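Both complexes shown next keep chain A, but they swap its partner, so chain B is in the first and chain C is in the second.
For the complex of A and B:
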């Protein structure tokens, strides 16, 4: 109250980055008049958000500690749903399938995306056309690319079998790629890599703009070869980009759902088939929730997936920081 | 020096050949899909595959559009996508503007909550949203799709638009507040007209996300006549004797608007790629 009323002109002038030291001096009625329209701006969005995102997350968390049923009473069961998951061999199986899928897709996308970025970082002909072509799978929906690959992987007369058997002769007989437990998950992972290369490439291309050209020139005058320059100049400069990609692509790997949904049901008629070989954490969670109608177990599983993803992201981040300091 | 020049040219040529080979690998699945969409049913699994159809036909497109409920699926997709995009973009513009230009009690908390939900895996929301939709009678209805699609991009859109509004010079808003204009006037007459590129970007992202959404739709829709394109196209694929020409013709119809947008607005697509592509 020391300052009394501030000149009216200053009201709107206060830069938003300084949560005003003088606000105290403002009488509550004018403060209300000033704030009301601002809350009006955020009210509709925040209401929708609270009702359909915030409350549901809390509700799901609470539900994961109950034995919720479609009808009748549900009661608090403590950690029972989480303990059940730890004792559930299919849960562990889905975790290992998810990890396998993630390792393959993340490394495939990193290596091939970086390769593509290095190629397109040079002044070659038709660069923009190549970039468009590499990016095409990124903008095509998962349902469509999954159906294309179901057709390519066809067991009797698919294009892949024709190519590997009739053209290259590297397989003796046609393989039903999506119907064999040994190959199904890897066939789906190849789709995951193919779809993600373009995006990884774009991020790497942006990162490559930060590699100073003079360093390359100086090194090549000193007689450093292409590989040496790549190893000692380009890669260290791309470390932050690689960490970012590693975390984002890992989250992507753990989020695999649509491709598996479409391809496993198309090939063998069961979600996560054949023989649960493509049953990743999200398909297993979905089945528990919406096929077995065990929503509280599904909720517990979904929180475990989130916990695993968060844990891995933190470990990756720490590891990358350590590397940087070393 | 001449030797060096030659080496650079050779290397460039090598890079070009590699890029070309890789490009062929990347585009082959699309090329085969397009060619299959123009083939009569008898040829869709022919060995060896013919890239140029022997008897090209538009039959698949005509039948895809005319048969069953496909036009219905297309209409449903347009309806759901247009309404959810409109809701999501307008609400997040208001949110983004408030968070960018004003500090008010709760502003940091609200914004942090929006960002936090952006990082929550979709499956975590799916189960409780399903229960909420059930309680409100929104299961098996397009309204259930519209409301969830409006919310699913709210955090990302708000984040992007807040960046846009923050970058505007304060002087613009000063003169307006001298004239006695409140936040709403400043929002409508100053901020919105100047943020068209930002609005275009979030519109594209919201539109694309809703157009391609699969998981929520397959979870809550039961009636055929409510299917959106992704669900409808998947249902064209059958366990035995799939009419692949039909499936791919339908896929191309669904893909066409996306491709047109992409080629026309490549820059927005790629610049937004950093934030947009994390959700599988």
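For the complex of A and C:
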């Protein structure tokens, strides 16, 4: 050891930060002693995750390459299930229904959530009450609100029909919103938007705190209008928040299952809704796996869903990255 | 004989005398039911009896103890699972290998599970099968047949008949329930025209097979041929087309509630609120109406007769045994017990219509049973094939498209017949 030089403790083989520094590698025994409690605490959670989440996912993945039978031997069929999905017109229909549902729910939640956040960022009386009320739908149970909305949408005695037909007079005949192929999926999407506005609002509120007051003040002194200030100051600062929300809400839209399952079976009795118009990817997967009892096809479909979601998330992420760098 | 010998003789004679006295006391106490201690084991029984109704209390308090008295060495573990969850649990159990021993299965599940190869063919496993089969209604029995074997026995049955709201009919000036289709249609017209908007002559909840088959069969239509191989010529045949055309006319003329298109008020609610004069319902409804609409006055009638007679759809449950059952003898003994007259009568009093022909007309059964049991004589089961749920969907979609006017009736049924042909062909292996 040279006199006057401070020994630098380094892990592994990273080069010394300044010339002449002496690297002492951490002895493995003390490293073990340091890391053991950490791994020890993580281990139970990891085991549970491996057993209940990882193992079934891997098993399902293997299952998707076989013609899995409940009794007897299954044989390896390679990509047959995946090819079947690509040739299945009902699969493509469910994909387009899912995309439509996701577009409506994501844009609805983003726009309305941002609007609510902007309004509730101002200092007004009862602001926290409003924030609470707007957030309440987020913590309600999907099953219960789905059933309530089935009642609201009822074609003969529903509140929506009463309001539009008897009160406002904008429709001339009661509409069975959940039984009409043209309206069923969008009626369910409205529930999805309503339920998510509060959460989007909260995330945007957090993002809005990062927008500097001074810029707004300076801009308004310079004569910039509200919309100009919003577009040129607020929005750029909300870019990362919006990207995050876009990805998470898209995943949420593709994962939509409970509301569609409950509402189509409660209103029309069948899982696909009226004339299969509300079949989204996950309900179609569920139907193949558990109604038709074709588990390997269901497994393949579920991985197709995962692939689509992953692809869209990557595209959104890249797009947002490009926007940022521009 | 010496006194010692006499005492020994007396002792010897006393023992059998005492025994016979004791035995006669025992048998008298048990009303001549001799417990069969040779059958042992555990039987896991899943059923869908309503957890908060009379069905489950009667089952637990009357039927089960009677079985235990007869087979003291058999343990029965029962699980009540709500109907909607039961099928899901069974499919999961099939995949995971956790199945009950005995199941009260909806009749439409039996061909499916038999096809999966998980049910015991009872006609082979039970020596007295033919005797038991001869004692039950043929319609319900047919729901247990798949291929060349019977995979279960009927347990309880039901059908749909006309329920008529007395108040609505009286207001429309109708005193007698129509017996023919023509009179029924005339009645529908009278009710809907005289009672104004929002009141109909008939209400149906959807276009699924359970809803429309009574009308299809009554008008002389069918879904498939006898051999269950083809739907073309039957599902799109004259009778079926006539039936769907008739329903479309009723809907367009306002005789029938729009709830048949789905998403509307439940037919039972419409009936209870006086919004419809008639509905088709099952034997569980009088009990429910008593609680929900206690002042409701209604009567029963068979499905009005058309070219095909008066035909309705058979529902109900079968009792099946899984081939994974460990204690087969015990399971089969339980099946026999559930089909005994005592069990059938006990459950019959709480809405589970018995399947035994010997109980028809029994005065201890609820007084509204006779019309149901008459209708059951001409009751038809839904096509007993594993692909039934998909066939049901094809029929439902076709009728819905026809009623909405998206397609002509014949075209919609032609499309469905093509789909069902394909589904039936898949099965024929």
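Operating definition for what follows: the second predicted complex is superposed on the first by the 281 of 326 C-alpha atoms of A that agree within 3 Å, B and C clash if a C-alpha of one lies under 4 Å from a C-alpha of the other, contacts with A are read in each partner's own complex, and residues count from 1 in each chain.
Quick note on the criterion: a contact is a pair of C-beta atoms (placed from the backbone, for glycine too) under 8 Å apart; a residue touches a chain by one contact, two chains touch by 3 or more.
Quick caveat, the model's predicted, so the values are computed rather than measured.
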First, second, both or neither for A:78, with chain B first and chain C second: neither
Partner chain in contact with A:166 - chain B first, chain C second, else both or neither: first
Partner chain(s) touched by A:38 [first = chain B, second = chain C, both, neither]: first
Partner touching more residues of chain A, whether chain B or chain C: B
Which superposed partner A:290 touches (first chain B, second chain C, both, neither): both
Contacts of A:154 with chain B and chain C, given as first, second, both or neither: both
Partner chain in contact with A:282 - chain B first, chain C second, else both or neither: first
Partner chain in contact with A:89 - chain B first, chain C second, else both or neither: neither
Touched partner set for A:138, first chain B, second chain C, both or neither: first
First (chain B), second (chain C), both or neither touched by A:255: first
Chain A positions touched by chain B in one structure and by chain C in the second: 154, 156-157, 269, 290, 295
Interfacial residue positions of chain C with respect to chain A in the complex: 88, 91, 94-95, 112, 116-118, 205-206, 208, 257-259, 261-265, 270, 389-390, 393, 396-397, 400-401
List of chain A residues in touch with chain C within their complex: 70-72, 153-157, 174, 176-180, 267-270, 272, 274-276, 290-293, 295
Residues of chain B defined as touching chain A within the complex: 11-12, 15-16, 18-20, 22-23, 26-27, 29-30, 32-33, 36, 45-49, 91-92, 94-95, 97-105, 110, 113-114, 117, 120-132, 147-148, 150-151, 154-155, 158, 170, 173-174, 176-178, 182-184, 187, 208, 211-212, 214-215, 218-219, 230, 233-234, 237, 239, 244, 247-248, 251, 254-255, 258-259, 262-263, 266, 269-270, 273-274, 277-280
Chain B-facing residues of chain A, complex: 9, 11-13, 15-17, 19-20, 35, 37-42, 44-46, 48-49, 51-57, 59-60, 63, 115-116, 119-120, 122-126, 130, 132-145, 147-152, 154, 156-159, 162, 166, 194, 197-199, 202-203, 206, 226, 248, 251-252, 254-258, 261-262, 266, 269, 282, 285-286, 289-290, 295, 298-299, 302-303, 305-306, 309
